[in-house]
Amino acid sequence: MLELIFTALLVASFVTLFVKNGRVAAVISLIASLLPVAAIIDWGNEFGLKIFSFGLEKSMDFSIAGITMHFSVTALAWFFGVMIFFLIPPIMLFSYSFFEKNRGFFPFMLFLITAVFGILLASDFLTLFFFWELMAASSFILVYMGRDRKAIISYLSFSVLSAVLILTGIALIYSQNGTLLFSNVAFSADEVTVSAIILMIAGFAVKSALMPLHAWAPFVYSKADEPFVAFLSGGLSKMGYYGMFLMLFALPGAKILQQYFDSTVATYILALIGAISAFIGTLLAFMEDDLRKLLAYSSIAQLGYIAVGFGIGSSLAITGALFQAFNHAFFKSVLFLAAGAVAYRTGKWKISELGGVAYKMPFTFMAALFSIFALAAIPITSGFAAKWLLYEAAVSNKYIFITPIMLIASVGAFLYSFRILYGVFLGENRHDDIKEAPLPMVAGMFLLVMPLIIFLIFPGYMLDMMHSALVNAGIGTVSHTNYVISTGMASYNTIAVVVGMMIAMIPAFLIYVLRKHRNIDFKDNFLAGEPYEIYGHISMHAANNFYKPIEDVLMPYLRKGATSFYMALYNAMGRVSKTVRRIYTGLSQDYAIYVAVFLLIIMGWLIW
Amino acid sequence: MVDFLIKIAVIALYTTIAMLVGILFMGIGRKIVARVHNRVGPPVYQGFIDIAKLLTKKTNISHGWIYDLALLFSLTGIILTILFLPIGGVKLLGTEGDAFLVLYLLAIPALGFALGAGASGNPNAAIGVMRALVMMLSYELPFVITMIALMIYYDTSSIAQIVELQRARWAIMIPPFMLAAAVADMALQGMLMEAPFDIPTAPHEIASGPMAEFGGKHLGSLMLYKAGTIVAYTTLFVDLFLGGGVVMHDGSILSYIVNFAVWFLLILLIFTLSLLINASFPRFRIEQAFKFYWKYEALLAFISLIWVYLMVIS
Amino acid sequence: MRYEEWNKISRIASRKSLWMLHFCTGCGAVELPPVMTSRYDMERFGMGPMATPRQADVLLITGYLTVKTLKRVVNVYEQMQSPKYVISFGSCPINGGMYWDSYNTVKRLDRYLPVDVYVGGCMPRPEGVMNAFLELMKLIDEGKARGWEKYQKYYEQYKRNQKMAFGFERGKNEGD
Amino acid sequence: MVMHPVLMIAIPLLSAFIMPLIKKAHRYFAFSILLLNTALSILLFAKVYNEGALYETIAGFSPPVGIYLAVDNLSALLAFLINIFATINFLTSRQDFRFSMLYLLGVAGATGIVLTGDIFNMFVFFEITAVASYALVASKKDRKATEGAIKYMILGSVGSVFMLVGIAIIYSQLKSLNLYDIAARISSMDPKMMWLSFSFLLTGIGVEAELFPLNGWVPDAYEGAESNISSFLSFGPSKASIYAIARLLIIFSMSRTYELALYLGIVTLLVGELAAFTQKNTKRMLAYSSIGQMGLILIAFSLMDKTSYAIPAAFFIIVSHASAKSALFLLSDKDGFGDMSSKYAGLAGVLSLIGMPPLAGFWGKWYLLMGVADEKIWAVAAIIIFSAVIEAIYFARYLYKNMEGKESSRNSIPAAVMVSISIVMGILPILYNMAGGVLNA
């Protein structure tokens, strides 16, 4: 049965490889991408989402001669599966109108899905790594289609770095335990295991764009195809955190680290890194003018919170982290898709060149607005509950450095949220000739917005979904009903918020209804008495260098970033390589001398 | 059922009173500033008159549905915030949420306001919103640090709880929180957009910034929102540092009245303080304000936080 | 809805909080600071300067208008939200004043905008300005300040006059 | 079954000399010969796999006198690889009958090196391939090619002289040329002499195997030659000689030799990758990168005595390098992946070289790091990580450069077929078990 899903996905990817028409390919891959969803729904009966069951088995051993791959679905994998595979059909729906021609997006996307499915089902390290590399390879090919030098180089080099780090970690673990099965691996607090855990977490952190290893993200996110980037930021970045969760809690790496350093310093450093990447990512985000780069930095920031949760490690924190991961998967995909829809109509990426799109594309704007509420953790969507849990956890553990950084980072989120809203959607109406995005795009975006609303009102369902994963990992769960989460420090009642909001809306609504108003064109503006037409040739759109004042203050501190560090490293390597190439003088007599010298040296080394 | 209805009635009553108090404070504020300027100033009920005039304007113009969101969001958000703040010891919905929730609820009206300003398509409005948001980023840092200090000290994040725990001794009596309160008061100055931090709505530079295009009912609702913010922020401060103005703890009717009166006096005190600063200071440029908050204020706040931390762990 | 049928509240309200937009092209601007500041303190009557026409109720034309500035004034006036009032300030908007024979100064403002209250003098003293505002309040209270209605009623005529002044339309323009 | 390994050497060797007689149909004839050879190698492999290692003597003389062939799993596999790649590569040849002749000679020599069990025959086969390769490189008549060929020839002849000296020392000591004899009786040898001979042999073979200080000819020869000839160089002589070095290591199986090989491998790896890092010229870049890969293979072989992962690691790296790098060399006559097959070949080749599944390189990386971790030599692990990242960077640059170019190579189809072999080997790790049978010495 599982083999069937794998083979179906692979077959679909091979079929779409030869379908030139994008629509057909989209339909095929949409159907194919529903298979994992069906599997997830089916497994849900065990893990907390009871809809229906057709009895899909939960584990399989696939033995391809000489090497056995063990697959089995755990509660954790199921939760991440819910997070990731429910993203894909809407994205495919979006791509239906995004790609007229099949330029190779669909086959490799399906290949990617297969790889992700494999990673989630893997129950030994070989399988995990094999599918991890498949994921890296196929996503690299998708990046490669973006045709951007920096993106290609940075993505490939960082993927290889992460792969080799993970592989070394696996090898160390294997040399310690002599087994690759998760179930048989038993960690002990020795330096080999600890270094293995740290290496693997570093490797996974690359994929989830954690701060020192994030340098690839802005280039890749800003150049690849939108639907893929939506999945890259929404889905693939979570795979890194899946791996981290696996290392830290499922195979209890956190405990090992704690024993080894006999303090929580290691996990505290992880949390601190997460908080710092949330902070710096936010600062970089609202100074960015390229919409996709802005969203890339915002992804770095939002993903940082998850690392904070894992670093803190209490049940509250991990619940919050998983919740945040779920939210981020959805709202960030919507934002990237909305950016794609806007570009699909206007063909522009620079925020300072866009403007007034909302009047022509109201539904795209609505979707983007809701996901921005979720991004800024405003309690109109489920975005708030996650961050709230994280703050509660941080405060209750008395983390006096991390909590303010997290809070101020999320305040900074308002800044770039407004920059997106104003610069792209509001302000001067510059695009009179465009119309609303095609129906499939809008439908895809709204499908992705749905969960944000549902889990606003019933965060309890989310906590139920992650319950068994947390219990299996030996982490307690947060006490909650369907709509009240209560921690040691306070409780958060979503119904109170929603109902209170409805009640509080009454006066505003009365004012709005009772006093009639007349709609006028935005051109009828206060421009110190000047009519708009006089300014017709000047931009009335104040989106250029939007945050200049604060940029002037902050830039001196932010200029020496990680990216510049990597560039410096790259240039240094270049210099080294030039010196090394001096060895090859091109003169055969030199080479002959090399041979003689070599002979003498090894002779001497061997004999004496 | 009955007590549920009573609770609803109490909530509605308190919220209405809070909004009225806010509108009254606008008049009082103008009066105070006028007295500082050695003027007579408007009558204290001027706020009511202004809002009445704006709401009864004959023509109201709108720039489209996103522009109307400003009206809806701002008023809704501020009332919702007041619902979650204990007023005079009466925790309306205070037990259903906590300080973080209040912080983020306060962002709803701000964002709605910003949406409307952006939708008005006036460049001045955009610049004003930019300044307001940067100001927000600036003052939030010291303010959240002081708030975290309180949470760590009282080991709860619920404002109602914090108010309860200050029965014996108001937070401001405790040495580190004197420092924290001073910091938070300067943050309050920024929250209320009073000088020296009133650059976001500087009338003569950017034509009163975000509300440059607002008039009629929209401006009226924004003035209601302003009134609400005055009450909300001052109440937040009073709840956090001055025990919510609770002096009598027996559940008698008298205690409610007294507590309410004390609460009123305290927020009036805080508001007057900020107005006096407002009336006697020039304006910071936006980056100066940012530096002020992130260098000195944040440093002081952090000192108090560490102080509290040491007190707690020892 | 006729103006007489407005309820008392709205009249009181709009009377007691007049927000003015002072269009300071001429020399009259120097008379406003004393009006606003502690000597005369217009704020006691709930009046105050406002930044944009959307927020303002009263348009204060301080001093002469050239044809060029008239365009701006008309634009601003039409952006204001009714009920809205115009106070012309100084003798130039009444009859040209010392620019009576200038080729590019607008002589009679009320040909282009409905003026509710005139303040004579060159320059009028702050007492005069205060007096004008009190007059305007009285008129509002009695429901006589109906300039904005007049503007709506005779809109075409006002437009024609304005166009003539701007030179968009040819025709004899009495008084100029 | 009359299958006799010597046929695989004899048939191409003899048919090479028939070439001048049949000018017309030389290409079809040579191609059929190569096909036949491939078929034979498959049969041989099947035989060896079923019946275990195979020792054949020629002309009835018994060792140590007669020509002696020793075939085990790995050598049979390598013979198969060399032949099949030779067959595919030959499709792209557009030269005249001399080319076919030299090509067959080269293939025969390379196959011989892999199959022989006699050190002097090994020397002879080395000479055959070397001479053929010099001529092949020079066959493109321009300055660069001639220059490369001359450098190759000078160094190669120096190397073969050293090799001969080494063999002479051994023969003078042990009066035997049979590898197994030598391996058995090596301990009875005077250690000074032994080390002397070892170092001479290593130097001699090292020239062909592109080890670090001895590989001065590599960039120039690879750059100068026709693209299909540089491809032949990268799967033929170099792979055969690295295998020869492996056998050498087994014969002189002392911890110091393995240690030396390890250091040599590391240096070669680092120098190759670093030199390739900023190389703009595609063919030179690929040449430096093959130097690095050779170092990687040598590292793998040098762990042979310690961990059982070494040989599969080396084998899979050889497979991935032989297929992918040869394919990339085939593509390198033009800058650009114009058509589908060259895009596929380029991408898959690069992915295989940097070790991504489902390609052979993945298993190479996997087993190599497993072995390193078994031995807990962290320095080596760190160096491998470093070089992998460097490699990724310059291959990414290579891909980008070729994506920009519009026109595509004429050899794209054969290149694609070559890469497919790497994929096949990658998704059938069964070959791990086959190669797993250790070199029996």
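For clarity, chains are labelled A, B, C and D in written order, and residue numbers in each chain start from 1.
We take it that contacts are C-beta pairs under 8 Å (C-beta built on N, C-alpha and C of every residue); 3 or more make two chains touch, one makes a residue touch a chain.
All values reported here derive from a predicted model rather than from experimental measurement.
Any chain bridging subunit C and subunit D, meaning touching each of them, is among A; the list is complete. More contacting C-beta pairs link the chains of A-B than the other of the two pairs A-D and A-B. Taking the mean of each chain's C-alpha atoms, the chain whose centre lies closest to the overall C-alpha mean is A. Note on chain placement: the centre of subunit A and the centre of subunit D lie 43 Å apart, centres being C-alpha means. We define each chain's centre as the mean of its Cα atoms; on that basis subunit B and subunit D are separated by 77 Å. Annotation: 36 Å between the Cα-based centres of subunit A and subunit B. Note on chain placement: the centre of subunit A and the centre of subunit C lie 59 Å apart, centres being C-alpha means. Looking at subunit B, one finds that residues 57, 59-61, 207, 212-213, 216 touch two or more other chains. For subunit A, residues that reach two or more other chains under the stated contact definition are 524, 526, 528. Looking at subunit C, residues 52, 54 sit in touch with two or more other chains. Chain pairs that touch, as defined above: A-B, A-C, A-D, B-C. Against subunit C, the residues of subunit B that register as touching in their complex are 30, 34, 37-43, 46, 49-50, 52-53, 56-61, 203-204, 207-208, 211-216, 219. Against subunit A, the residues of subunit C that register as touching in their complex are 23, 52-54, 71-73, 75-76, 79. Here subunit A touches subunit D in the complex through residues 64-67, 126, 129-130, 133-134, 136-137, 140-141, 144, 147, 149, 152-153, 155-157, 159-161, 163-165, 167-168, 171-172, 174-175, 192, 570, 573-574, 576-578, 580-581, 583-586, 588, 590-592, 594-595, 597-599, 602-603, 605-607, going by the rule given at the top. Against subunit A, the residues of subunit B that register as touching in their complex are 15, 55, 57, 59-64, 66, 68, 71-77, 79-80, 83-84, 93, 95-101, 103-105, 107-108, 110-111, 114-115, 118-124, 126-127, 129-131, 133-134, 136-137, 140-141, 144-145, 148, 151-152, 155-158, 161, 207, 212-213, 216-217, 220-221, 224, 285-287, 290-291, 305-306, 309, 312-313. Subunit A makes touch with subunit C in their complex at residues 524, 526, 528-531.
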